[in-house]
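For clarity, chains are labelled A, B, C, D, E and F in written order, and residue numbers in each chain start from 1.
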Amino acid sequence: MTHKATEVTIVAEKVIQEQIVEIIERAGATGYTILEGSGKGQHARRTHERPSVAGDAFDIVKIEAILGDRAAAEQVADEVANTLFTHYSGIVYLEEVEILRRARFWR
Amino acid sequence: MEALADFALTFVGQLQKPTLAFLLGGMLIAALGSKLVIPDAVYRFIVFMLLMRIGLAGGMEIRNAEPGDIFLPALIAVAVGCLIVILGRAVLPRLPGVKVEDGIATAGLFGAVSASTLAAAMVVLDEEGVVYEAWVPALYPFMDIPALVLAIVFAGIHQQRQSGAHKRVRIWPIVADSLRGSALSALLLGLLLGLFTRPESVFDSFYDPLFKGLLSVLMLIMGIEAYARLAELRRVAHWFALYAFVAPLVHGLLAFGLGTLAHYATGLSPGGVILLAVIASSNSDISGPPTLRAAIPAANPSAYIGSSTSIGTPMAIAVGIPLYLSLGHWVFGL
Amino acid sequence: MTHKATEVTIVAEKVIQEQIVEIIERAGATGYTILEGSGKGQHARRTHERPSVAGDAFDIVKIEAILGDRAAAEQVADEVANTLFTHYSGIVYLEEVEILRRARFWR
Amino acid sequence: MTHKATEVTIVAEKVIQEQIVEIIERAGATGYTILEGSGKGQHARRTHERPSVAGDAFDIVKIEAILGDRAAAEQVADEVANTLFTHYSGIVYLEEVEILRRARFWR
Amino acid sequence: MEALADFALTFVGQLQKPTLAFLLGGMLIAALGSKLVIPDAVYRFIVFMLLMRIGLAGGMEIRNAEPGDIFLPALIAVAVGCLIVILGRAVLPRLPGVKVEDGIATAGLFGAVSASTLAAAMVVLDEEGVVYEAWVPALYPFMDIPALVLAIVFAGIHQQRQSGAHKRVRIWPIVADSLRGSALSALLLGLLLGLFTRPESVFDSFYDPLFKGLLSVLMLIMGIEAYARLAELRRVAHWFALYAFVAPLVHGLLAFGLGTLAHYATGLSPGGVILLAVIASSNSDISGPPTLRAAIPAANPSAYIGSSTSIGTPMAIAVGIPLYLSLGHWVFGL
Amino acid sequence: MEALADFALTFVGQLQKPTLAFLLGGMLIAALGSKLVIPDAVYRFIVFMLLMRIGLAGGMEIRNAEPGDIFLPALIAVAVGCLIVILGRAVLPRLPGVKVEDGIATAGLFGAVSASTLAAAMVVLDEEGVVYEAWVPALYPFMDIPALVLAIVFAGIHQQRQSGAHKRVRIWPIVADSLRGSALSALLLGLLLGLFTRPESVFDSFYDPLFKGLLSVLMLIMGIEAYARLAELRRVAHWFALYAFVAPLVHGLLAFGLGTLAHYATGLSPGGVILLAVIASSNSDISGPPTLRAAIPAANPSAYIGSSTSIGTPMAIAVGIPLYLSLGHWVFGL
């Protein structure tokens, strides 16, 4: 049997990874997953293949956290958008997913 | 006139040497659309190897150096790092279309130091038979950190003025963050190991013999990246490109002048003066950009990275190094 | 507050990455994200760990683009399926997501 | 035109990757995609950047499989949760997606 | 008979040499299920190092070579590249179960050139004390590009016939794309640097001394991959396997014959003749497959990559190199 | 007393040597928060290079060795591997707060062998001019595999007792899995190549000269990792930390004693005795953890990896190696 939960996804510059993770943890998430990628948006395109001559701060990371509580997920999304995306690159969105082992996602 | 002719000769001579040749070769193949990529892991390992080599050599030599000899050059390094940023802060934001934050961050990056440029200069001097104190390259952080800190402080002050809010810029975290970066960590660890242990066996069998060859690969990478980032530069005000052309040489000459004083005052070698000029001339690639991105979020990275990687670094290596070398010929009769 | 948007995801051989990106940009997307992976489908299995002796053209990439306009997302999916997946490996699918900062996804 | 399908996503330690893949294949999936990442959950945090001194068994992988048949997807999720997540790290969840080329996802 | 005995001896002798030993070692451990993997970044760096080494040496030697000496071998390279594809185009699609596109792509890959096979032959010749003109390895693109272009043209013509639609195959983009690939870029850049600059210092201290050791690692990788891709080969018609066994030797002998003409006509060294045969014998690993995948989408990569990596390359290295070497003994009295 | 003084001197002397200096340097910079990271690809390549070097040297020497000379040391290796696990199985689970599975897995990891510790000891012995049979390092699997197998068998037995279900632990798959791991594959392949082919040219020009330098980089990595994983250790019972402090020395002394018997019985060199002690003292980093994670899922990896990487390995290298070296001075009058 599955349960409803909300996944919040953030695609952003690696330089703010730690700050995003902090917001996610403060909102009560039991975990998160980080994938490294590349991307193009309003700012310069970054590719993952070229050597990181200017450091890896400009790499793109995709951070996903599933929260049992939808309000908490929305809070993460709002906080990231309002405090970090004013100057740094990134997008944030929510999805409804169906989880197994519900207790795993509540703290 | 004679000096100019000497520079021209030196420059043409350097074009034939691997350092410059690989840099220009990288720019060339990137311009022709080559898909050659040196993997990131290799790039990072090369930078580690070069900085460890520089640190070890410096540490082993500091053992026998007079602390007094080092003091004045170190002071000059700090002074030049700060002067560059003050100058850039004064000039850049006045130029039309240049945002204050972008100007400050760019000045900070040009005040900071590039390990690859430094290593390139060391190889050139070695090939020319010009000797220098092995601790001079280790002055790197004395110019790098003050420049980054000052730029971040300027940005903080500017932002306060804008927003009215009073928020003090804390300096120590910036310094600590710089020291912890991968580049300075490797350099300082090498320095410590050179100073307090006996790394001669690995230095002689590994770090030193690979230095020149690895540098040629790094030059190729820097050349490819220089071309690749020109596109970014095109999206920002043209003044950044102009600054990136002129500033490395101005900074190098400034340091060359102050270094010459140290030559007469405390006996800094001509090779040391040249290296000091190169350090000033260089602009940070690896460690500077992430520090600035984190600390001055309002600044557009395309402005400072574009101008530094695409124009500043090639200028410092291709024009700066031969220039200070021929100045050395001229001033010190090398 | 969140808004509805459509995410189109394409998993395909890297050799057609540039062509996929072109289709995405032509459809009016404001950006896209690329993740490198490995996978198995109807064709040979590729793994990301082994050295790319035959070049990286055969690596698997996952390309995601969020579009404010559902019709545009469908167009991307159709075009990729009809013009590229005739000969090249790959799958394409759509998902509804909830975005913040709606203007970010319209051009 | 799109069709409904179910995506089952598993985020887990790489050490059980082969076992997860087997479960997916047994359930009749026509393929799957694997992405390498890092993450934090109830167990120690793993990052992808540091050298894998203890081997790569502890890396985090994200495995996604789209199945035309919802029941089969649920079966994958249940089996992974019940047989593997007793001792190994991981989460599993389902999402509804809209696929093109329906036949691609039925075996 | 004597020649056969010589070949047998040469072959057994080569089995003991690192080049072949590491190749077979890689196949062995892969067959035993070993999980040993050389990281992709290292693989790509090794290939870069080898091609840069080949290019530099070639460029430095071309400085002193007579253009006339190079002309005929280059022409032979072009001719052999085209002949291989024409032959493959004529034969492969006639075999039962072989799709025309698959046959054409496979012929193209076997006409194209493998940097690793070439480097292996160079090390073998060096160890045997057989000299060759350093520009011969640089003939690589003269065979590689025509073969790929011709295969793609054949595929285009075939598709037009099928669909009736008239769509011209544009040749220049294919040539440009080949030249821009990571392998040819590195080779050509090395050639340029060798020709126009003085890279002796890094060549002697870095690129050359590491050549042999890095090649042993590359041979290990090629061995592992050869085994790993056998599975792919099993999914396509058996004719591909047969072709992959026979074709490298046929192609090598063809080039050996034409090279011998050049030996008598313009003095190409016996070592040069052997290398020309190896180049023809080799089949592209790195650069060919992506080019073909992009340009002939209808061809099944399992067919051409499987036959090339699993059988063609091991045959060219393990059988081809000793074969041409012992032919060299026999024909030129080496 | 004298022996203690000798150990103190040896220890301080080793602190100055690159091997230990880089290990401690890595711990230091990690403790200071450095972001220096050696890329994973480089780490894996270094491990390959070291094990291939060890294997090649061993294989080349076994050619000339008496099988009889090897038999007893190999037997001792097997015995020590088993003894360590039996001891750990008896002691660890008795300690308060230690889960049986965690204790068994930890004992298995400390019975298994670390390539980096082994390589470090070889460099130390070389620098001290202590000779040893080149096949001794190749005894590695004789201790490694029995230890892992026995631990997994113990865990299986324990689980059967718990659940009542009777499920036989199959031994061969574990052995095969160990042999196929990247570390043992490289070692064994090197051994085979050294034994049956003539790899002298690449050994002398590539694998051997790079050994010492690459080891210094590996030591740096191990130091950084040791510090980084202390956090994991803090989350498990303190007894693991204590065990990790004491066990490497106990195991090393045990093997030193048995090795001394072999010295008198079959003439194992003093250097060989010391290496045997180091092999026993070491605890597996690369190959052990994944094997245990797969085979004993109920054991908490933080317990065994934390204790091994954070304390066990630094103890074996920093204290163990100097200890057995000074014991060698004392017992054999080196």
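As a convention for this text, a contact is a pair of C-beta atoms (placed from the backbone, for glycine too) under 8 Å apart; a residue touches a chain by one contact, two chains touch by 3 or more.
This is a predicted model, so every value here is computed, not measured.
Shared contact partners of subunit B and subunit D are A, F. Each chain gets a centre from the mean of its Cα atoms; the one farthest from the centre of subunit F is C. Contact tally for B-F versus D-F: the pair with more C-beta pairs in contact is B-F. Relative to the C-alpha centre of subunit E, the farthest chain centre belongs to A.
Per-chain CA centroids place subunit C at a distance of 19 Å from subunit D. Between the Cα centres of subunit D and subunit E there is a gap of 40 Å. Subunit A and subunit E have Cα centroids lying 46 Å from one another.
The set of subunit E residues touching two or more other chains comprises 37-42, 44, 210. Residue numbers of subunit D whose C-beta contacts span two or more other chains: 35-36, 95.
Listed by chain label, the pairs that touch are A-B, A-C, A-D, B-E, B-F, C-D, C-E, D-F, E-F.
Contacts from subunit E toward subunit F in the complex involve residues 15-18, 21-22, 25, 28-29, 32-42, 127, 209-210, 212-214, 216-217, 220.
Here subunit A touches subunit D in the complex through residues 2, 5, 7, 21, 30-36, 66, 95-101, 104-105, going by the rule given at the top.
Considering their complex, residues 13, 15, 43-44, 49-58, 86-88 of subunit C touch subunit E. Per the touch definition, subunit F reaches subunit D in the complex via residues 37-40, 42-44, 221-222, 225, 228, 231-232, 235, 285-287, 289-290, 293-294, 297-298, 301-302, 305, 309. Against subunit E, in their complex, subunit F makes its touches with residues 39-42, 44-45, 48, 176, 179-182, 185-186, 188-189, 192-193, 196-199, 201-202, 205-207, 210.
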